[in-house]
Each structure stands twice: as structure tokens, then as C-alpha cells.
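Chain nomenclature is as follows: A, B, C and D, assigned in order of appearance, with residue numbering initiated at 1 for each chain independently.
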Amino acid sequence: MSQENINSSADIVEPKEKTREQLMELCHTLADIFKTRAAKYDNEGSFPVENFEDLRTAGLLGMMVPREFGGWGCNFLTYSKALEILATGDASTSLAFNMHNITVGSLAEIPAAPTDDRRSGAINDFREWIFKEAVEGKKLFASAASEPGIGAHFSKLKSSYKRTEGGFILNGTKSFVSMAGYADYYVVAAKAAHSKSEQAAVSFLIVDRETPGSHMDNVWNVLGMRATSTNPVHFKDCFVPKERLYMASEGMALYKIAREPHWLAGGYSGVYLGIMTATYDFLVNFLKKKKLPGTDIPYSQEPVIQHQMGKFYTELTSARLAVYHAANLVDSARGSDEANAAIHHAKYLVSESGPKLAADAIRMCGASSISKFFPLERFYRDSRCGALQPAYSDDCLTYLGKAAFGANLKNPIETYW
Amino acid sequence: MSQENINSSADIVEPKEKTREQLMELCHTLADIFKTRAAKYDNEGSFPVENFEDLRTAGLLGMMVPREFGGWGCNFLTYSKALEILATGDASTSLAFNMHNITVGSLAEIPAAPTDDRRSGAINDFREWIFKEAVEGKKLFASAASEPGIGAHFSKLKSSYKRTEGGFILNGTKSFVSMAGYADYYVVAAKAAHSKSEQAAVSFLIVDRETPGSHMDNVWNVLGMRATSTNPVHFKDCFVPKERLYMASEGMALYKIAREPHWLAGGYSGVYLGIMTATYDFLVNFLKKKKLPGTDIPYSQEPVIQHQMGKFYTELTSARLAVYHAANLVDSARGSDEANAAIHHAKYLVSESGPKLAADAIRMCGASSISKFFPLERFYRDSRCGALQPAYSDDCLTYLGKAAFGANLKNPIETYW
Amino acid sequence: MSQENINSSADIVEPKEKTREQLMELCHTLADIFKTRAAKYDNEGSFPVENFEDLRTAGLLGMMVPREFGGWGCNFLTYSKALEILATGDASTSLAFNMHNITVGSLAEIPAAPTDDRRSGAINDFREWIFKEAVEGKKLFASAASEPGIGAHFSKLKSSYKRTEGGFILNGTKSFVSMAGYADYYVVAAKAAHSKSEQAAVSFLIVDRETPGSHMDNVWNVLGMRATSTNPVHFKDCFVPKERLYMASEGMALYKIAREPHWLAGGYSGVYLGIMTATYDFLVNFLKKKKLPGTDIPYSQEPVIQHQMGKFYTELTSARLAVYHAANLVDSARGSDEANAAIHHAKYLVSESGPKLAADAIRMCGASSISKFFPLERFYRDSRCGALQPAYSDDCLTYLGKAAFGANLKNPIETYW
Amino acid sequence: MSQENINSSADIVEPKEKTREQLMELCHTLADIFKTRAAKYDNEGSFPVENFEDLRTAGLLGMMVPREFGGWGCNFLTYSKALEILATGDASTSLAFNMHNITVGSLAEIPAAPTDDRRSGAINDFREWIFKEAVEGKKLFASAASEPGIGAHFSKLKSSYKRTEGGFILNGTKSFVSMAGYADYYVVAAKAAHSKSEQAAVSFLIVDRETPGSHMDNVWNVLGMRATSTNPVHFKDCFVPKERLYMASEGMALYKIAREPHWLAGGYSGVYLGIMTATYDFLVNFLKKKKLPGTDIPYSQEPVIQHQMGKFYTELTSARLAVYHAANLVDSARGSDEANAAIHHAKYLVSESGPKLAADAIRMCGASSISKFFPLERFYRDSRCGALQPAYSDDCLTYLGKAAFGANLKNPIETYW
């Protein structure tokens, strides 16, 4: 590629029509730009602010907003492919971006409330507000679900809120909040202090980043996915206006997650598939160039390498088929047993095949490939993080095993939440 | 199921309309019947003549014959699913049946010759004859490709034919001919004795089982797929009328196989997927019934078992997605690089995951499950045979590795044939 | 090997000195003879009476009897290697033979009682009787521990005995009794009917095969290890003289097994290692002879095959090191945590690597290797049975995991028994 | 551990007697100290100068020097265990330290030349000089074998030397020289420019770090083993006195390496085993402390975790047995086929199991474990480097496969060198 053809932020334009084809092209352009910055952000462990500026410019904060609200109206398959492409450029950015879309996307799936519902006004106002903030306000939403010692197990949460004049008072500490300090809003899962039931009353509150009583600790210094600012956020007596109650409804969180886990458990799959795709591309190119010792014959002609490359391909392809299949089922049969099983199958495969393939790629490429001059070592580090986000790998397997034996996994008690 | 509801051969009727739904239902019915006979044929190592009588009665010898010739006109996806279902009843039957469809199905894909082609008369006559033999004559075709010490490597074949008055004289020995002694015709791959090129001149001749000079050795006594009569067949100075030259064309075999390997390399995938499906069903049912020692709690509630069952499910699902994906691509983009890669991916997965899953199932079910009273031990034996039929597992990986590196695999020299 | 050099039963002589070297040589001789009969017994699923006649002739029923009682006085390492060698000839024979040695060997480890012990007379009489029966009487002892629905979980046994004049009355049904109908005695684990404790009172009674009230069902027709007559044995009001109480002590069984599991859990390891050894030898020889299609180049020179052969070797070697290491520890630190962990490590490896390697060998050797003309397909079947005998593979892993976390596995409640 | 009990460099004393027990204790002490510095050096990617100062103080630069020359006279098993222990503290240090011992240790194995050999004076002088430099001079030797595009394939080297007055003139560039810039001497493999044979004439020259014409590039910035200063070193017309020719003999290198690969291929195994040991210890402790979400029950009591922990243990134990077994064989049968196979088995296992186990540990420990606050993420990175040092994993397998088929691997042409 000649110097002049390299994309830069200046080239990014938000398309008017917002077709699927335009989205894919835009994501490829962004990935090419992100690629040039990935090593820096990874090295510093800093948040990729330039990348998110580009996502804003490209209008992608509204990727999941329905078209009638000015968004792209992506379905889950297109969304998964978009994340995959973005992750080939920078997995941290794609991962953090997914957290934003969890909030917007899960809301977009819920149809507008019928006007004869007494709460319809509040519900529709909430939807409209979120969509507008994403599209026009170009605001970022961060998911604040996990807690120290609890992970993302919704039924065990300790953060709680109580009702007050005009809204709620929120207290608690959230862990592993990606985009902490950079997102405009935190979407906080908390229990109603007045609820007696253990499971029913988990709600989501949308908390402005600048809310008094809220602050984050900047402690994210880890193996991989370093450019996500995944930090603890504390909420001490934070006031949340009642309009910021998710869907104007209390106690919906756990119920919804168990029935439709694709956002919380399946959003990541596109991201980690993207790392695998990038690993594959790197591997193929590297081995076509690297020569057998003391010869001009590329490694790509070596029988044992070809055989291993074939194995690599089968594992990548199995992961890809699983991710696309799951996304397709989310689009065609959201919440069905089949879709939910497919989500866990895909999440498991990308989480476990990803780091295995990156490890294989390092072995196949040899010592020179682990230099920070190349992205492969970052793929190896980033890919290992997939299993650490819900649904965790062991939870995926147990979920699928129970499903095979006929358990009712729409009952939260049977799941890992 | 009550006694009265058990299907028997007497219940089999060839449907008039031949829809996809009818086919699936018919295959399920047949599988239920085959299931009751599988242990006997396996034990004896004898050919399942009753099953093939049922397939004839059901009109399934025309499964791949175009609808305008009275067949079912299956596409490759439906065909793969049909084999899968039949194999849940008896894998040997499904495997042998696939050999018949290789000949009929690959022919059905070739459109009728245009009338301005000078050879069109002969070509169209040949197609019509095969289709009529399958549909009306209810004749079975066996594939005779492999040779001792050569396997299915078409470029190395030693069987040869020479031209004579009104046809050809064929000599050679074929190995691993399934349905030997039971098929009505052998479809023999042989080299033109007059050809100088090593690769170009492999042709297929359709040889009547009763042709003088032809005989089989009944020596099939093996680990698995025992009910297929997969035996050597010898041809000594056999006369083959010129009308029995496949597609009225010499020298097409290798070229076609390299470009469109789905029949020779991919037909098996449905069969072996069927064994995996049956293994899964057995496993689920067995572990729901088997009790933890000294308790009334089924194994299906044991955490370690659930976790392993989840792993089992992911491997089965990956294989299933691969097989259906490959079949879909054969239907939508036959002969494309993508379809051909998918075929090898699927073939590899079913060949290697199948026996692994059967072995896992035995471990999970315990000592009582290996009795010949249950089919699981047969699944374990049958499933190991997948890797031994083309494309062999190592060949699949090398093919995929070369493809990843950009080799031109339509050139037979780059493949394993 | 010329015709004259082939060993036959007529060549077998019991050595006078009974050295380790003589034993190894004798086992090799026997394995060569067993090899010639293995297919027949496997095919029939019949008990290898000729092989046991040879073992008797060779004096090997006293392999574990102390030298002062006329036996070979083998340690556990030598014993494991003897089983390995015998299993290269016929795994069923080696497996059944192990069941005999479980009784004799575990007794041999217990030193003679000091004369000031009030029970020493009875204890020493019992030891002497068993040793004499094995050495002079050439009697075979079968272990009857498992029960239907309970397996070898000693703490859950239902078989029970009560005291009567001069002995005990035994009732119960045992499953998976190898050598049923052929052993001279059954060593039956049963609970004292008068015991209130669940764990303490499991004892072993030595029951003469011809005892009135005892009979076996001949139903063994299974995947592998077919020549072991592993059948149910029923005991209805069987009288057992008090001299036939194992070690003249009640309630020792569970306690001893938990502390020193090498006989019940580790005896099998040599057998299954032997199948792996035989698989390796077959594979090496086969691939050195088999030619690449259409050439004179053996498969052993093919890079992808060499690479896979290397992988095969690493897995076999890991299993071998584990088995020998465990046996060494049994000899040097019997009952130590380290020895007990090593036993489970070895048992797990041979149980799971064995069938995997046999499956790999079939793939590497190709279609011609699964004929019953070769032993490979039997290795594939026999090897899968290892995981089904205690300690089951999952139990091994859980045992080792608990041990890693510091659990006290000498407490039966923490183990799988 | 109370503040006062923490070891520091001030506590290190070189023992007088130099027993095996003292060495193990000393290594444990050093490992404890190294542990406190590991994160810093890893983070900076800087050379652990403090650790090497401690190794000097402890007298460990003479670990492989024969006792009669004032060293510890370690055998290979003790050496491997020492590296393992040191690596539990800091794998980079252990790895770099191994490079020093390759030179000293391989020399120590060669007995003093008999006095009637005409070259014995020069040979014995060389040995004495090296041993004295290590013990009294406390000098560090770095191995400079690999070259860009060639790796450690000795038969393809491009570096060359020619004879000159009083010594040699050396030219060439070496890659992956650990301790570059910190070792006192480089041990450079180079070809005799005057040699016509491709294989015979590779010699080792000992080059003083400060030799004019020599310089290193400081570019080491990689995934793992970051604290080793593994950098390119250039030699331009460097004069090397003839006394610095290894063993006073030209052309021995390749011959020796092929016959006795334990130093170049097997020295690493102890290092990578040490990472595995440290990973295991971390995992056990972490899971005994980490609580199941919302409970006080540690993960160590969770059945699925115990089962996985058991699997982890089996893989670690297999690697450990392989490393110790190989080292034992080096000591008892150096250069034998059995020893050489064992070296490659061990090297393969630690190289491939190590990163797998570290990846498993991360999955089992969860998201909080990947913080740089813990060493686990470093283990994950460091462990992946094992396969990149000779013998590379694929070379190990091919070596073992060829050996299984009976190839003569003492012939360098059959190996990977």
C-alpha cells in the first residue's frame, strides 16, 4: 500500500444511508487505522481515545439504534461481524465498544410500548432518550455489572439502591467496568434494598459519570485487553433520577439475562473471533515470507507446516461457524433454547480456541515472531481474556451440559447468573 | 412406543410427491427399522440385504435422480441430512448407500448436453440410462475406485482398459468396494492403456456385476462398518460396452474429482455425523437413567458429568455446523474454493471427533455400556472408520493448509488424488 | 523366525531360581504364545483356558507369593512389567491374571503377625493357606468386588454376611467378576449385616467356586477384553468357613483400600500399558512396510507421518514413565501420598492415552489395518476398557485434584470408594 | 513470613562444601529473592544484574565446574533441578544462567586429555582456563549460536573465521544471544572459511565482550523471557587468540551436538519446568483462597475445579517425570539413543504443556488473576517461549518419529541441526 493510501481519521465520514455494506467497509477502514495505534495503547495500558473519537465521527455509537431513530439498526449477525473486523485492528477497542452496545442493543430489541400501557410513556421516553444520546449526543454507555468477589453473578450482587424523592440513592462498588472514566454513563446493576427476594429485584440504573459520589480507581495493568480501562467504580450515595431507571422498570435484569443471554454472554464472541482472524492472517503471511533455514523456500511449502496450518484452519473455521450460527439464531429465534445454546457454544469456542491458536501460531512462526514489532504476541495476550468474561468457559460447558439433559435454563436458578 | 406402533418393512411406501419433509420422515422410519437389525448384521459381518430391500421399496435409490426423471432431486444438504438420519439406524447401510449415490448424484449435477454438441446424444443417453436404472430398475451402483497399495489416489491407478470393437476391455483389481457382490453395477475407475499422460486419462466404466471375468473375494472381517461387504473385486479381460463409459467421455475422472471433491470426499460426512448424533442421543438417555452409586440421583445431575456433557455437545455441534455448512456451499457454490475447503473441514471433523466422542461416551457411561446389548460399542467401532475413507484425515489437513497458503487445489497435482 | 523356533506350551518350564530376569524372559515367551491364540478367544468371547494352563505350568500363579513360601516374591515394579509383557500377547489374559494377583499380592505385603498377637495364629494360617493354594495348589483367585448399580464403591455395597456356627452366611450379587466360572475361589467384598457403621465393616470372604448357593451368569459379550469371562456371580445363603475370612479380620477392606489403592486401582496400569506397547510395535512395523501410493518409499519416511509418530512416542513414553514411577513408589513408599497420587496419575494416563493412541494408529495405518487379520483393531477395543475399571478416569482426576488442594485422601469419605 | 525472615542478597554465602543439599537450599533462597525483583525486570525488559550478582556471590557460576577445579561438580539431574528452582523465582534469570552453563557444563563432561596426546597441553590448558574464569574470575559465558534466518541450525551457519597469526579473524552476526552486553565472553559458533565440507568444520571461539569489532544491538522487546537481553551481536574482523578455540579443536561442534544434544536441546527443560511448578503453586494457593461467588466456600471444594485441577496435575507430573528421567539418563548413559530420545521428549513436553497449563490456570483463576500484581500472567508469557529455543517442538517430534522408525540420529544429516 502506498503512503498516500493509508487511511487516517481525516478520511472517516458517517455514511448517510447506513447499509450493511457501508458498515463493513467502514469497519475495515477503522480497523486499518486502529492497527497503527494498537501497540502504543497496549504498551501504555491507556484508553484508546483516538479510536473512540473515530467511532464517534463514523456515527458508530448508534450502530444498534433502530433506523427510525437515526441509527444503523444492525442485527446481531452484522453486529458480530462488525466487532470481528474492528478487533482485527484493535481488540481492546472492539471489546470496550461492545460494552456500549450491550446497553443500546438490548434496548433496541424491546419494541416500543403500546400506548394503552399505563407505563408506556415512561418506557418510550427512556428508549428515545438512550437512542438520542447515542446517535445525536454521541454518548458512550459502560456496563457496570460485576462486583468484587462476585463477578457477573447477578443473583449475588451487593450494590443496592433505595427510593428517594424523584429517583434513587445508589451505593456499591463495581469491578471490571470497561471504559471506566471514559464512558459518559455507567449502566449499573443493583438490587432494590427493599426487596426481600434474592433474585427478582435486580434493576439497571443509568448513572452519569460526573454524578457526585462516583469515582473510579485507575488500576488496570494486566496481561491483555490492556487498552480498555477496565477499572473499579465506586458509588457512594449517588442520586439517580427516576428517568434513568432502565426501561422504567425495576427487577427485570436477571429475568431478561437468563432468557436472552446473547448480549451479556455473546457480545464478546465477535471480538475474540476477530483476534483469531487477525492471528490467521498474520500466520499465513509470515509463513509465506519466512524461509526454511539457509534456503529460499518458504515455510508455507513445508509438509509439516502445511499439515499444522490445516489444523489451525479447522479450528478457526469451527469457531467462525459457531459465532455466525449463534448470531443468526439470535436474529431468527432470539431467546430460543437453540439460540441460547448456540451462544454458549460460540463463546466457549472463541474463548478457548483463540489462545490455543495464538500459541500455535507463535510456535509455527518461531522466535522472531514474539517481538513487539509484530502484533502476534498481543494476540496471544488479548485472546486469553475471552474466558474471563461472562459466560466463563466452565459456565458455558455446564450450561450446555444441563441443556443437553433437558434442564430449564430460562430459570435463573439453573444458570450461572 | 407401543408394540403396534413399531415400524416394519411392511409400512414403507414410496411417496408420490417426494418432498423434502417426506424424505426426512421416511428416513426416520427406515432408521427405526434398521436399528432393530443393526446388531445382527454387525455381528455376522453380513450385508444388510433387508435394509436395501427397504430402500428400494421406499424409492430411495432415486434420491439423487432429478425430479424430471422420477427421482427426488435432492440437493446436497438434504442428501447429507438423509444419510445422517439413516446412519443413526445403521451406519453400514448409510455408508454403502452413499456409494450408490456418488455415481448417481455426481451425474445429476451435470446438466443435459446441448443438442448442438456432437457428443450430446451419447451423453444424454448415458444420463438417462443411469437415472432409469436407479429409479425404475431399482439398481444399485457401487463405486470401485481404490486399489491395493494405492488407495483412492486416482493419479496412481493401475487398473486399465483398452478399446475394442463396440467397447472396452478392462483389467485390474479394485479394493474396498462396498456392496461388492450385492450392487448391480461396479463403477470402475481405470486408466486408458493407450494414454501417455499420468493424470489425464482416468475414466469410469460401468460394469455389470455378472460380467464374465469379474468376481469378488469375500474377506471383509473388520473393526467397524462390518455390514458393508467392502471387498476386493477383480476384473480380468472384462468387456464393457461403449455405452457404459461414464458420461460418454474418457479422461474426465481426475479432473472432475479435483474440482468437485464433494462426492468422493464429502459424501461420507453425513454418515459419520449420524453416528455422532446417535452417540449423543444414547449418552443423554443413558445418563438420565443411570444412578449415582447407591442413590436415586441420575448422573445427569452430577456437576463433572454436566461439564463433560457440555464439552461433548460443543464438539458434536461443531461437527454438525461444519457438515451442514459444507453441504450448503456445495449447493450454492459447487466447486468453489470455499465449498471445497468446507468439505475437507467437515470430513476431517466428523472423522476425528466421531471416535473421540464415542470414546468419551463410553468413559462417561461406564462399564455396563460396552455390552453388545447396547449400540454404543458399535458406534465406537464404526466411527473410527471415517478417517480411512477419502479424503483421509491427514489429506484433509494438508489440503486445507495448502489452501490457506493460496495453492491452486484445482490442479490435481497439488491434491492427494 | 523359523518354524522350529516358535514357542509353544510344551516349551514352558517353571524356573527353579525365579529371578527377575527369568521372569521377564518367561513372560516374553508366554506373550509370544498368547499372541497366536488371542484372535480366537477374542472372537469367541471365551475364556483363554490354554493361557491359564500355561501360566500354571510356568508357576506364575505364585508370582506375588513371598520367596519363603515358594513364590517369585515380585515387587510391584517387576509385577507391572510382567503384566505389560503378558498384555502385549493377550490383554484379556493379563487383565484376568491381575485379578488373581490382587488377592495374593496385597496379602504378601502384610508381614506375618508377631507371635504375641492373640490373633496371630489365625492370621498366619490364613496367609500360609493362600500362598500354598497359589503355589502348590495352582489355584486361581477372582476378585468379586463390584455390584450392580454400585460399581466398585466399597462404601455402598449391598452384599452382606452374617455370623453362623463355624463361619458366615453370605448373600449378594457381584458384577463384573473376571474369571467367573474359571477361578477356583471368589474373593467377595461384603458388609457385616450386624454392623451399624456405613464404612467400617466391609470384609473379604474367600468363597470356593463350587460352594452350594453360588452360580454365575454367562453374559459377557462386549466391546473389548472379551476373553475374561467377566460375569455376574450370585451368592445365596452360601456358607463360608471362618478360616476363609481374609486376614482373619473383619472390617479391614475399605480402610486398606483407601490407604493403599495400588492393587485395586493400580494393578491394571501394567495391563493397559502393554496394549500401548503392542500398538506402538505394530505401528512402527506397519509403517516401515507400507509404501506411499504407487512408490517403493515406506510411510516411515514421510515427514507428516514422522511428526505424528513423534507425538505418538511422547504419549506412550509419558504413560510408561508414569506407570513405572508409580510402581517404584509403591515399592519404596507404599501408602504414601506421593505413591497414591502416582498410582492415579498412571491409571488415568494409560486409560485415556491408550485408546487415543490406538485410534491414532488406525488413522496412520489406514484402511487395511482394521482387518481382523491384524491385532490393531483389538488393541483399539481392548484399550478403551481401562477407564471402566477402578479407579475410573474421572475418579482419578478428582482424587488428584483433591490431593493437590491438600485433602486427606486416606479418609475413605474423601475418595471414590 | 515476618519482615525479618525475608531473604536478601546480604544473606547469600557461598558454601564451602558444596553438597547437593546445600545447592538446593541455596537455589530456594535465591528464588525467593529473585521473586521480589521479577516483575520489575520483566516490566522494564532489562537484564537482572542484581540476580547475577547474587549468583556470583553464591559461587554458582561454577555450578558445572568439576569439584577438583573448585566447582560444584553437578550432574545433569541436580543441574536440572537447580534451574527449575531458580526459575520458580525468575525464569529469565534461570534461562540466561543456563546459557552460561552450556559452555561450562559441556566442557566438564569431557575428561582431561591423556598426557601422551600431542594436543593434550592445549586442551587441558583450555579446560583449566574456562573453569578458572568461571570459579575464580566469576566470569559469565554467553552462547552465540543462532543466526538471522538460520536459527540454531549449525549446518547452515554463515559466520566464519579464518586463521591468522596467533589466532583467528571472526566475522558474522549472531541473533538471540542471551546476556548480550552482560556476559563476559561470547561462545561463537562459526565455520572455518577454508573448509569445503558443509558440516564438518563448525568450531566454537570464545570472544571477549570487549573485543574490538564486536557490538550488540539492544532491541529485545518481546512477549516473554524479557529479562534476558537476548540480542543480536555483531563481529566484524574480530581477532580471537588461538587459546580461545574451544577445546583447542576445530570442527567439533556439529558432531558433538548431534551425538550429545542434552546441553543445547535439554538445558532449557529445567527452566520451563520451573515455570510450570510456579504456576501450579500459584494456582493451588489462589483457588484455596478465592471464594465461590457470594459464599465462604473456596473454589478448591468445587467438583468441576477439582476435576480440572487433577488434569492439571497429571500434565505437570508427566512433564516433571520426563525432565527428571531425561536428566537421569544423561547422567547414566550420556549420548545413548535412549538418553537422546528422552531429552527431546522432555523438551517437547515442557515447551507445549507449559503454556497450556498457564492458560488453563488463568481460566481457572478468573479475571482477577491476570493483573500484573500477580506473577501468573508472566508465567503465561514466559512459558510460551520454550518452544522457540532448540530443539523446537516440531523438531522434537520429527526427531522422535525418526528414532522410532530406527533412523541413525547421530548422523547430523538426519537431525535438525
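Following the convention adopted for this analysis, a residue touches a chain if its C-beta (ideal position, glycine included) is under 8 Å from a C-beta of that chain, and two chains touch if they have at least 3 such contacts.
Note that this is a predicted model, so its numbers are computed, not measured.
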Pair joined by the larger number of C-beta contacts - A-C, A-B: A-B
From chain B, the most remote chain by mean C-alpha position: D
Interchain centroid distance [CA atoms averaged], chain A/chain C, Å: 53
Inter-centroid spacing, chain C versus chain B (mean Cα positions, whole Å): 41
CA centroid of chain A to CA centroid of chain B, Å: 42
Residues within chain A bordering two or more other chains: 303-304, 307-308, 394, 398
Chain D to chain A touching residues, read off their complex: 146, 149-151, 153, 155-156, 176, 219, 221-224, 291, 293-294, 304, 308, 351-352, 355-356, 359, 362-363, 366-367, 370-373, 377, 380-381, 384-385, 387-389, 392-394, 398
Contact set on chain A toward chain B in their complex: 280, 284, 287-288, 300-301, 303, 305-314, 317-318, 321-322, 325, 341-342, 344-345, 348-349, 394, 396-406
Contacting residues of chain D [partner chain B, same complex]: 302-304, 307
